Amino acid sequence: MSAPAVELKAVTKSFGRTEIIRGVDLSIPRGERHAIIGPNGAGKTTLFNLISGRFPVSSGTIAVNGRSTAGLAPQEINRLGLSRSFQITSIFPRMTVFENIRCGLLWSQGYRYSFWHLLGGQKKLNDAADALLERLKLGDRRNLPAGLLSYAEQRALEIGITIAGGAEIILLDEPTAGMSNSETDAAVELIRSVSEGKTLLMVEHDMSVVFGLADRITVLVYGEVIASDVPAAIRGNAAVQEAYLGTVAA
Amino acid sequence: MRIRIWISMLLGLLLAVGGGAPGWAQQTIKVAYTDPLSGPFAQVGDANLKQMQYIIDFINSKGGALGKKFELVPFDNKSQPSDALIALKSATDQNMPFIMQCSGSNIAAALIEGVNKHNDRNPDNRIIYLNCGAVAPELTNEQCSFWHFRFDLHAAMKAEVMVRALPKTTTKVYLINQDYLFGQSVQREVRNFLGKVRPDVQIVGDELIPLGKIKDFSPYITKIKASGAQALMTGNWGPDMNLLIKAGVDAGADLSYYTFYAHLAGGPTAIGAGGENRVFSVMPFSENVAPEIGNAEADAFIKGFRDKHKFEFTSAGFRTIFEYLQAAVNKAGAVDATKIAFAMEGMSRKDFLGFDTTMRKDDHQLIGEYFVGAFKKGVKYDAENTGLGWATAATILAKDIDQPNSCKMKRPKI
Amino acid sequence: MSLVRRHWVWLLALVVLLAFPFLFFDWSKGRHSGFVLTLMSEIGVMAIFALSYNMLMGQAGLLSFGHAVLLGLGAYCAAHVVNLVKAGTIWLPTELVPLAGGLGGMFFGFVLGWLVTRQRATAFAMITMGLGELVSAAALMFMGFFGGEGGISIDRVMDTSLFGVAYTSPWQVYCLVLAWAFIAAMLMRLQTQTPLGRIANATRDNFERAQFVGYDPRIVRLLQFTLSGFFAGIAGGLYVLIYEIVTFDTVSAAKSANALLAVYIGGAGGFFGPILGTIVVVLLQSGVSLLSNAWLLYVGVLFIVMVMYAPGGLIGLIFMHVPIWRIGRLRELLLPYARAFPPALMVMLGFVLLVELLSFTTIGAAQGKKFAIGGNVIDTTAPLPWLIALAALVLGALWIRREARGFRERWDALIEDAKRQGVVS
Amino acid sequence: MEVFVVSLLNGLVYGMLLFMLASGLTLILSMMGVLNFAHASAYMLGAYFAYTISQYIGFWPALVIAPLLCGLVGAAIEMWGLRRVHRNGHIAELLFTFGLALIIEKAVQMTWGLLPVPYRVPALLDFPLFSIYGTHFPAYRAFMLLISALMFGAIWLGLTRTRIGLVIQAALTHPDMASALGHNVPRVFTLVFAAGTALAGLAGVIGGNYQVTEPAMAFTMGPIVFVVVVFGGLGSLLGCFIASILMGLIQTFAVVFDVSLADLLARFGFIVTKDTPFAEVLTVTLPRVGALLPFLMMVLILVFRPRGLMGTRDT
C-alpha cells in the first residue's frame, strides 16, 4: 500500500490570534474523489491554501505523496504532482486562451525556463494544448485574450490550467460557484472526465455537485473536522445535520 | 492623428537641421558652443552664452577676422558627453573650425578624444577645440592634444593661486572637495602646494563629499569648527558650494572660505550678506579689476554689458579667447583649423586689462594673470544685486604661475 | 522566396535605413552627414536598449528605474575589452565588441538581478532606483573600473575587423550598429516566443498563478532580468563603438528614464512599439533640443498628451486602425484625417509659437538671441506675434473640437462595421 | 560631545524638513498608488511662490498663502489630469507626473529665471537663537522645527479626530476598500493630493530659504523623498516620520565618523594595502558615502523586508 495522496496531521493555522484551522487530520488515498464541505468561514479555502503551500502551517505536518511539504514553495509542491484552482478566478487575463493552457503544460513537458526552444515549433506541446482546449469546449475561443471570456468560460479555463500539467492530485476550490444550472452540469461532466484516475480534492457548496461526484466527504466546521465518510453516511450523520446540512434542509 | 503630425514635423526638423544647414555659404566664422543649456545645470551655459555673445558682437565691431564676422552657434549638451559628441558631429558637418566648451572635464575629455579622432580621420575637415573652463590638469598633461587649447588655468594652477592667497595669519585649514576626478585633483594639488609654499599651515581636516548629493552641510560645519580650522578651502561648485558656505555663514562659524567658483552665477545670491569679508574666490577675471587699476576702456566694456543685460559680467575674460582667435585667424590667413592651430600656439598677447598672457606652446595652456576676489561691500560692481561684490584681494601674474607640464604634443604634418 | 514574403517588413526596414542617410549625403564634398549618422546610430543603440527594457516592463511587468546600470556596465566592460585588444593582450574582432558588452551586461544583470528580483512591483521599482543611484555615485568615486569623471575612452580603429573594415567613418559604424540592432531585435522577438518569454508574460499577468503551474516567479524574473541585461549590454557595447568613450552618465537615472519614456511613448504592448518610441525620444532630445531650449517642455507636454489620450502608445494608435484596415475601409478615414490635420497643425504651431515667445522674452532675450523664423527676426515685444500665437491656439482648438465630432462619428461607424464583420470581438 | 549635540540638532532639523516633504508623498503613494514624481516640484513651487509673495507682502502671509496655492495647483492636477489618467494604470500616472515635473521646471525657469533667487530668512528670525560650544543655532532652524512639529500634530489630529481623516486612514491600509465605505472616493483623492501638495509647498516655503531656491532644487530633492517614504513603509505616517528623522540623523552622523571598511578589517588583523583586491572600495570612508547611505538602506530593507520599516503592506 503506497502513501496516501494527501495526508494532514494535526494541522493548525492562526492569523494573529485567531485560529482558523484547529488541528485537522485528514488522509486522502490515491484515486479518491474527495469533497470538503462546511459553512462559510469554516476554513475550507485556508485548508487548500495550506495544502498547496500558499500559506505555511502554524503547526502540524502535511505530506503529498508521502513527502512532507514543510518549507516548500507553491511551485515545488506543484512539481510533486499537486495542482490547484482558485475560488476567485485566477487566469492570465492578457494572454490568449491557448497561451493560458500552454503555460499550464510547460513545466510538466520539461521545458522549464528554456529560452532556446521556440514554442511555435513544439508540435507535441501545441497539439496537447489544442486537444485540452477541445475537451474544455474552448476551441473556438483559442486566440482570444482570456480576460475577455465569459465567466463560465473563465471557470472552465481555470480548471483547464489546473489539470493541464497532468497533476496526480487536483484541488478545485468551488469550481461551480456562480454558475447557472446548465453551466454547472457541464462543469460537473468536465470535472468527472478530467479527474478520471486521479485524486480529486474539492471545496464545493452545491450539494448536488458534491453528492454526485464525491467518493468521500469531509465536513469542516470552525476549523475542525466533525465528520469524514462516504456520502451516504454523511447524509445520515446527526452532527453534520445539525451543524451544516440541517440548515440547508430546513 | 497627432502622431502623424509629430512624425512629419520631426522629420521636417531633421531635414532642416541636417540638410538645410550646409547650404549656407561660409560668410561667417562659426564657433560651435556646447554646454548644458537645459536641465538642472542650464544656468551655467546660459550665463556663458550671454557673455560670449556680447564679446563676439564687440570683436565683430572691431572687424572680426579676415573681413569675416564670428558667429556663435550654441548646442545643448545636457551635461552628457554623448550629446557633446553629437554636437561635434553637427559642427564638423557644417565645417565649423571651432568648438568651444566650458563646463565639465568629463565632456572635455570626450571632446578631446573625439576631436583627435575626427581630425586624424578627416584631414580635410579639421576642428579646434577651445576649452573655456574644463580644468582637469590631465587635459593639458597626459591627455594633451594639438587641437585642444585651454583658456583657463587648470586645477593645479588654481590650487597654487589659492594657496598663495592664504594670509600669513592663517595656519589651520580644512579641505572639502567633491568626490570625483576634479575634486580629488583639487584636494591633491592644494595639499601639494600647501606643503611647498606654506609649510607652516596645518591641514586639520580633509574631506571628500559625494557630488551633488548633500542637502545639508551643517554637520560638516560642526566638524570643521570642532577641528579649529581658520579657513576652509574647497573646489566645490554649484549647490555643493552654495549650500556649504550658506550653512557655515548661518552657523556663524568664524571661518574664511577659499573657493574656485563662489563668483559664478548663483553663488553670491546663495551666500548673501553673511559672507562679507569671509568668502574668497579664485577667478580669472573680476569686474572690479578694471576700475581698481583705472583701465577706463575695459571699464566701459564691462559697463556696456551690465547696462545691456542687468547681469554681472563674471566671464569677461572670455574676451581673451576671441582676441586670440581673431589674431590667430588673421595670422593664419585662412579659416583652416590646422593653420590656425599652428598660428595660435606660442602666441603672446596683452589682454584687454593690460596684462601679459601666453598660449604656451608645449601644452596649449593659456598662462595669464589670475585674481583672488574678496566678497565685500562698497565695490563698484556688486554681484547679483546683493550689494556686495568681488574686490581684488590678490593678483597673481602670469610669470608667477608657470607650472611645468608633462605634455608630449603630437603635431600634424602640414 | 517565402522567406522574403514572411520577413518583408524587416527587409524593407533594412533597405530604408540603409538608404536614409543618403538623403543627407553632401554630394559637393562627397561625404555623409556625421550628425545624421550619429543620430541614427544613437537611435539604433537606444532602440536595442528600449527593447531590452521592454523585456522587463512589457513582458514581465517589471518597472525598473535603473536599467541604464546594465547599459553602462556593459559599455564599461566593452571599453575595457577594446583597450585590451588594442594593447594586444587578447584578440577580438571589432564586430564582436558588442558581444563583449552583452556578456558584461549579462554578468551584472545576473549579479544585480539576484538582489533586485527578490521583489516585484513597486518594491522592485524602488530597489532599481536605489541601485541606479548607488552605481552612478560609485562610477564617479572609483577610478579603477570607471575611470572617474573622464570615463574610459577607446580607439575603435583596431584592425581586427573580420571584413577588413577600418571603422574610421561614421558610416561604417552605422552599418555595424544596424546589423547588431537587427540581430538583437530579432533575438528579442524570438525570445518572446520561448517558454521563458511566455512564462514572463504569465508572471506579469498573475504571478501567483504562475507558481501553481510549477514556476518560481523569482527565477523567471531573474532570468528575464539577466537576458535583458545581455541585450542592454549589447547596446552598451555599440555605444562605446559610436562615441569611443564611456562616462558615468551612461549609468545615470536620465538614461534609465529615456528607456522608460521610449517604451511608454512607443507602446509596451507591441514588439515594435519601443522602436517607434525611441525614434521620437531621440529626435526630441538630440534634434529638437538644437532648435529650442524649451525642448524639455515639449517633452513634458508630449508625455502628458500621450498618457492622457493614447495610453497604448504609438503602436496602440496604429493597432487601433487594424480592424478598419481588415475590412478594407481604411481609405475612408483619409478625408477625416485630412480635415483634422490643419486645425491640429494650427494648435500645435500656436502652442509652439507661444512657448517660444515666452521663452525668448524671459531667457532668450538675455542670451542676446534673436527669435528668427526662416531668417525673419521676430520682435518678441510686439503684440502681433503674441496675438497670432494665441489666435492660432484658440481657433485651432475650437476648430479641432468641431472636426473631432465628425471624425468620431466616422470612426465609430467603421468600428461598428468591423464588429459586424466579426473582425473585432 | 559638542559635535554630538550640534549634529543631533542639525539632524533633527533636516529630518523634519524631509518629513514635511515625505508625509504628503506617503499619503499620495499609499492611498492612490501614484509614484508622484512632481512632488518635489511642488516643494520648489512652494519656495518660489513664497519668494514672490514675501517680496510684496512679507514672509508671514507667504507662509500661509504659498502652501494654499500649491494645494490649489495639486487639486487642479488631480481633478483635470490624474483622475483621467488613473484608468490607464500606475505607469501612466507616474509618467504623467514625470511630464508635469518637466513642465514645472521649465515654467519656473521661464518665470523666475535660471539663477537662484534671493529668497531670504525673514529679518525677525535672522538671529542666532543660542550658541552651543561656539556654534550658533539660528533661530530660523528652531522655527523650522516648530512648524514641522505643529504640522505633524495637525496631521495626526486630522487623521485621528475627523471623519474624513478616519476614512483616509482606512484607505491608507486598504486602498481598494475605500470605495466600499461608500464615500466619495474621487473627492477624497483630490483632497489627499491637494493636501500632500500643500505640505510639500509648505516644506518649500520654509526650506527654500534654509537651502537655496533655484530651478534645480526639485531635481536634487526628488529621489531622497522616495527613499524616505519607501523606507518608512507604505500606509504608515509614523513609519514615515521615523524614517525621516533616521535619514536626517544618519546623514548628519555619517559625516562625523571617519572610518572605512579597511579600518574595520584592520581590527581583525587584516591590513588593506594598495594591492588588496577592491582596495578602492574598502578604503572609502563613511563621510564620503554618508549621502548614499539612505539609498543603500532602502535597497537592503526592500530586499529583506518589502513592507519597509512600519508599512502595513508590501511595497
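Per-chain numbering from 1; labels A, B, C and D assigned in written order.
Convention: contacts are C-beta pairs under 8 Å (C-beta built on N, C-alpha and C of every residue); 3 or more make two chains touch, one makes a residue touch a chain.
Because the structure is a prediction, the values reported are computed rather than measured.
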So which chains are sitting against chain C and chain D at once? B
B-C or A-C - the one linked by more C-beta pairs in contact: B-C
Specify the chain most distant from chain C by Cα centroid. A
Rounded to the nearest Å, the gap between Cα centres of chain A and chain C is 45
CA centroids of chain A and chain B: separation to the nearest Å works out as 72
Averaged-CA centre spacing for the pair chain D and chain B, given as whole angstrom: 34
In chain D, which residues are in touch with two or more of the other chains? 109, 114, 288-289, 292
Each of the following residues of chain A touches two or more other chains, namely none
By the touch definition above, chain C meets two or more other chains at residues 137, 141, 143, 296, 302, 363, 366
If I apply the definition of touch given earlier, which pairs of chains qualify? A-C, B-C, B-D, C-D
Interface residues, chain C side, partner chain A - complex: 190-191, 193-199, 201-202, 204-206, 208-216, 219-220, 223, 227, 425
Contacting residues of chain A [partner chain C, same complex]: 52, 54, 73-75, 78-79, 83-84, 86, 90-95, 99, 102-104, 106-108, 111-120, 144, 148, 161-162, 164-165
Enumerate the contact residues on chain D facing chain B in the complex. 2-3, 6-7, 10-11, 13-14, 109, 114-118, 120, 128, 131, 133-138, 140, 211-212, 214-216, 219-221, 224, 248, 251-253, 255-256, 285, 287-292
For chain C, which residues count as touching chain D in their complex? 57, 63, 115-116, 118-119, 121-123, 125-127, 129-131, 133-134, 137, 141-144, 253, 257, 260-261, 264, 294, 296-297, 299-304, 306-308, 311, 358-359, 362-363, 366
Show which residues of chain C lie in contact with chain B when the two form their complex. 23-24, 26, 29, 31, 33-39, 42, 137, 140-141, 143, 148-151, 153, 155, 157, 168-170, 239, 243-245, 247-250, 254, 280, 283-291, 293, 295-296, 302, 305, 309-310, 314, 317, 337, 340-341, 344-345, 348, 363, 366-369, 407
